[in-house]
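Here come two complexes built around subunit A, the first alongside subunit B, the second alongside subunit C.
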Partner chain A sequence: MDTPKLLVVMQLILNILHNHMIIVLLALSISMNYYLLKNFNIAQAVVITFGAYLSYLLLYSFHQPLYIAIIIAIILSVSIGLLSELFIFKQMRNRKLPSFAFLVASIGLYTILQNCISLYFGDDTKSLNIGEIAVGHQIFGAYITTVQIFTIAVSAFVFIGMYLLYNYTTLGKQIRAVSENAEFATIYGISSNKIILIVTAVSSALAAIAGILYAYDTNLTPTMGFNLLLYGIVAMIIGGVGSFRGLLLGSLLLASAQNLVAYYLDTKWMDAATYIILIAFLLWKPLGFSGKKLKKVEI
Partner chain B sequence: MEYILHLIILICFYTMLAQSLNLNAGFTGLISLAQAGFYGIGAYTSAILSVQYGFPFWFNLPVAMLLSFGVSYVVSLIALRTVDDYFIVCTLGIQVIIFSIMNNWMQVTKGPLGIPGIPAISFFGFEVSSKISFLLLSLALMLLVWLVLNNLVNSGFGKSLKAICEDEIYTQSIGKNVKQLKVLSFTISAVLASIPGALYAHYITYIDPTSFTVNESIFILSIVIIGGMGNLKGSFYASVFMILLPEVLRFVGISNSDSANYRQIIYGAILVLVMMRGNKNLFSFLQVQNPKVK
Partner chain C sequence: MSKKTLIIVLALVLLGGLGYWWWSKNKSIKPQLSDQIKIGALLPLTGDLAKYGESGKQGLIIALNEFKTNHKNLNCEIVIEDDKADVKVALSSLNKLITIDNVKIVVGAMASGVTLGIAPTINEKKIILIAPTSTASDVTNAGDYIFRVCVSDAFEGKSMANYIANNFKSKRIGVIYINNDYGVGLKKNFIESAKAENLNIVFENGYNPTQKDFRIIINKLKNEMVDLLYIVSQKEQIDFFSQCKEQNYKPQFTGSTMIEDNDLLNKLGDFLNGTLYTYRSYNSSDTGVTTKYFVDAYQKKFNTLPDFYAASVYDATKLALKTAFDCSTNNTDYKTYLYTLKNFNGVTGLITFDKNGDVQQGFSIKEIKSGNFFFKD
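So, the complex of A and B:
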């Protein structure tokens, strides 16, 4: 293999790794929610966007230092997730509505909040990286920016943290118990409402972190969250719900496919490639990599 | 006056779209987010056939319906393997794929540039170019679609669809071919959605992919939900409401650039409220004092 080709391969691997870690974060956030509540929450797309836009607002309008801006942005995004849970989804759960109702209501909520962002910030593209142009570090000739390294580190850290939380702590055990059978868990004295709130908070925080990291790497638009959320959903479905190894594999497959399609065909076919993978999986391997049973797919 | 006619024509289009989706979403219980995709297939087929090959509308419309049938049949074989929210996500994916084909297949669809100069409809020498004659044509087609759907819904076929929505396994146990019925309902709904698509292309005379996005699908779905699932008349009222809403906002004094956002906020709020209460539609949501009778 001659050197330019090796360079391209290296660059592709680095890009895939970076994309992979962002999608892992998103998929983790969505699957935590889905595994527990068994319905999709499209409104999480807005939590992603909010995280990014709030840090933009705090950085450039209120001139806060970076770490304070990010922490406040995450806290505010989490509170949006919690409020929507308390005032909308909890009420709906009490009424025992079918799962499509949750999805449609969350689409409605997403529409409201996304348009609020559009009204306040405008529809134009914004950038979190004003002024400083990152030179990037060289690894075997391929370039990677500091933000990307940071993204990979944070995602890996969060992923391992969540893995430990789910598998080795009492809280993780309680979450899994409520996911398996909420009523039975209540009999054993686990408050399912409390668990749902905790999981909503954590998954909103993950979504906000993913949004901020993504916005730092590229830029911000009011609709950025929707596409990111869908990538997360696709990664979760092809990985299999409730399996950490599956999530990792699913995100890796998705990120590789997106980058390879972007390199060999064109970036504009990335979304189509994403969904073709989803449909292929629903056709031939509807339970995803992990093969865990799920009632949603019947063959 | 011209503008009022324009609004009425739009109401006709959206009534057709919402009613065709209602067959699928309201009666069979298959909530699809791919409706704008089939709308777009209708529009693009008709536009390409008339601009590049000079075919007349009465030829384009059946071809558009046929193509929509073919695509929706293949899609239904894939999508109907999933249920509930997986089905919604799956149709969302199909919508994105159809959109990216329209947006990126430069040779055929001209991508984001769109297709300009679509000729007016003409029937055997009689040209439908004025607003009023176009209105009559769309009204006629809307009534035809309504009639077809109304008959379908009240037929044995429609009753089977309702049975699937209520209890799929039970319907299967009394000897109905559930799979086939679902495929039929999905394809009929897609074929009917391509009719307003073809009309739209000839009416606006210019189409580009941005008219057929996911947001458009969500808009159509919200018309169905506001009007009531399984309520054809409701879909009509709801599209009147949704098309006239921006005009009302204009009277309130909201600037044109913001009015799209406010409109979306309002229908988002309606979606949340209607779904939250488990109401059947906006009208029953407004009658809070009546307890829900099951």
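So, the complex of A and C:
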């Protein structure tokens, strides 16, 4: 292939930036959960999907204005996250089940809830953005849509917010304390149950926001959450659990790799590239970019 | 594994085996009602292709109702199983149809990949499969027991390539396709015919069925200055065309039967004006008796015009029911019956199977004009 034209390069950069910010949001949501609980919650994929579908429901069946629909959708998605935590995962922790049991249970929960969405909404592609499609804004010859600009802004805002929360507030310290050693934190009077609930709520909210933004940009299908969750997990593993800078870098590497592979090879290879990077990191750099001595990521 | 668990597992296996033997023995002595017609159907009612499966199921219901009105004293049943457009699911559904429902003839599958995936089982068990919409050219050689009521993609790709050669000879052509049996098959046929016509194909790109972000592809198309695009897509085309509009990219679009999709028109309205695509011989505004009966009954029941998928499943179901009925009255073999069948009158055209179980029908070129689908000729 010849060297691409300037406007094509510009377009590529915009696309990578947009994908990067979505993945950051997802990786953030997943790593909060993983950092604290040390097990993967696949059911989070369905929280992503729920966020998108609930906004769709509120917008077009209950005819709510956009901002109310989105706020209610986020609140409802958070309650789904909290309910599954309270009634399933907490009970499992109390029974001291091994970590693969959580994985299996969350896959089960994901399957059930995803099928509920399929049953209620049907499997066809829905669209949050039902208005006439408009031509995007032009920046140096490349095109970007309003939704994409908004996505980048929201993700950046949320990311900075979370960074400040974790590093400069008492709550952030408490979360880190419980993540490092829950029993020890309890001795100091930090209720680990409370912290777990707070983190579950926040990470569900982030997942729902990511789902809504993604759905606004492309469309909704009941299975959309799973791929997004995997991207988030891969970005988190590349970046290293519990490091904000690592998350940012991990997501950037993933987004760039996906876009460049798609550009220079074929879009068919996008997912393959994702997993090759994942395997390479698991083999040679299992702690991710950050290299912090946290627990190794185990599936 | 300890000895105890080993013994328990062995005992369970033994018990299961005994249970199965007893059950299958009981089943086989159950008497067969001679005045009962029972056929199976495999449709993608959930999963990625559910949209087409739903249309298909509605066509099937019309065919069943029609058959029931014509044969009032007959006990007639269609067992519909979901295949999720997934070979693994389809195989277990098919096994259920064969072993539990005991059907000898199955309508389905819609997706070419599924039909190809279940073909070995179909041939081995000597069950008849009548595929409504599996158009991939590989289905031709899938086996003696596989029939289909739609024309192979081999001809669809060729007819668009010919049209382009006659009208847009000098354009820089790009081809994008969905990476499944349907997409790869049709794309290959198009490219072969296009090369034979000396068309200038400058770009070729596949994408995964789950792909939603097509901006990279659009970016590459711009870079290659493609001004005629042939797209082999399924329902994800709506994302593709939306993003084309967002990125302000509008070459001459050309495509396959799949382009005729009302969701696409509702969403993109005038943007797609001038898009050309090949279409199969089904025409819902045809005034012939068969088509008119079907379209009226369908509209009455479902309040919308039947699309190509509904029509194909209707034809396949009608044919399957007729085969089961005629063969039980004349006591002929299903396979021989279908191969000797001449000019069965379906809404997608006259159906006569060749030695591969394929039909031969022509294609027309259609165009999107002022937000509607029109026949070009």
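In the analysis below, the second predicted complex is superposed on the first by the 289 of 299 C-alpha atoms of A that agree within 3 Å, B and C clash if a C-alpha of one lies under 4 Å from a C-alpha of the other, contacts with A are read in each partner's own complex, and residues count from 1 in each chain.
We adopt the following convention: contacts are C-beta pairs under 8 Å (C-beta built on N, C-alpha and C of every residue); 3 or more make two chains touch, one makes a residue touch a chain.
This is a predicted model, so every value here is computed, not measured.
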Once both complexes are superposed via subunit A, do subunit B and subunit C end up clashing or fitting?
clash
Considering only touches as defined above, state whether A:D266 meets subunit B (first), subunit C (second), both or neither.
both
By the touch definition at the top of the document, which applies to A:K173: first (subunit B), second (subunit C), both, or neither?
neither
In the overlaid three-chain picture, which partner chain does A:L230 touch, first (subunit B) or second (subunit C), both, or neither?
first
Looking at the overlay, what does A:L103 touch: subunit B (first), subunit C (second), both, or neither?
first
For A:C116, select first, second, both or neither according to whether it touches subunit B, subunit C, the two together, or no partner.
first
Answer with first, second, both or neither: which of subunit B and subunit C does A:N39 touch in the superposed model?
first
Partner chain in contact with A:K285 - subunit B first, subunit C second, else both or neither
neither
On the A-aligned overlay, A:S127 touches which partner chain: subunit B = first, subunit C = second, or both, or neither?
second
Looking at the overlay, does A:K194 come into contact with subunit B only (first), subunit C only (second), both, or neither?
neither
Specify the partner with more touching residues on subunit A, choosing between subunit B and subunit C.
B
State which residues of subunit A lie in both footprints, the one left by subunit B and the one left by subunit C.
118, 266, 268, 271
Note which residues of subunit A are touching subunit C in the complex, please.
4-5, 7-8, 11-12, 15, 19, 118, 122-125, 127, 130, 132-136, 138, 143, 145, 217-219, 221, 223-224, 227, 259, 262-263, 266-268, 270-271
Interface with subunit A, subunit C side, in the complex: residues 46-48, 50-51, 54, 179, 205-208, 210-217, 219-220, 222-223, 235-236, 238-239, 242, 245-248, 263, 267-269, 271
Which positions of subunit A touch subunit B when the two form their complex?
39-40, 88, 91-92, 95, 97-105, 107-112, 114-116, 118-119, 226, 230, 233-234, 237, 266, 268-269, 271-272, 274-276, 278-279, 282-283, 286, 296-299
Interface residues, subunit B side, partner subunit A - complex
31, 78, 81-86, 88-90, 92-94, 96-97, 100-101, 103-104, 214, 218, 221-222, 225, 258, 261-262, 264-265, 267-272, 275-278
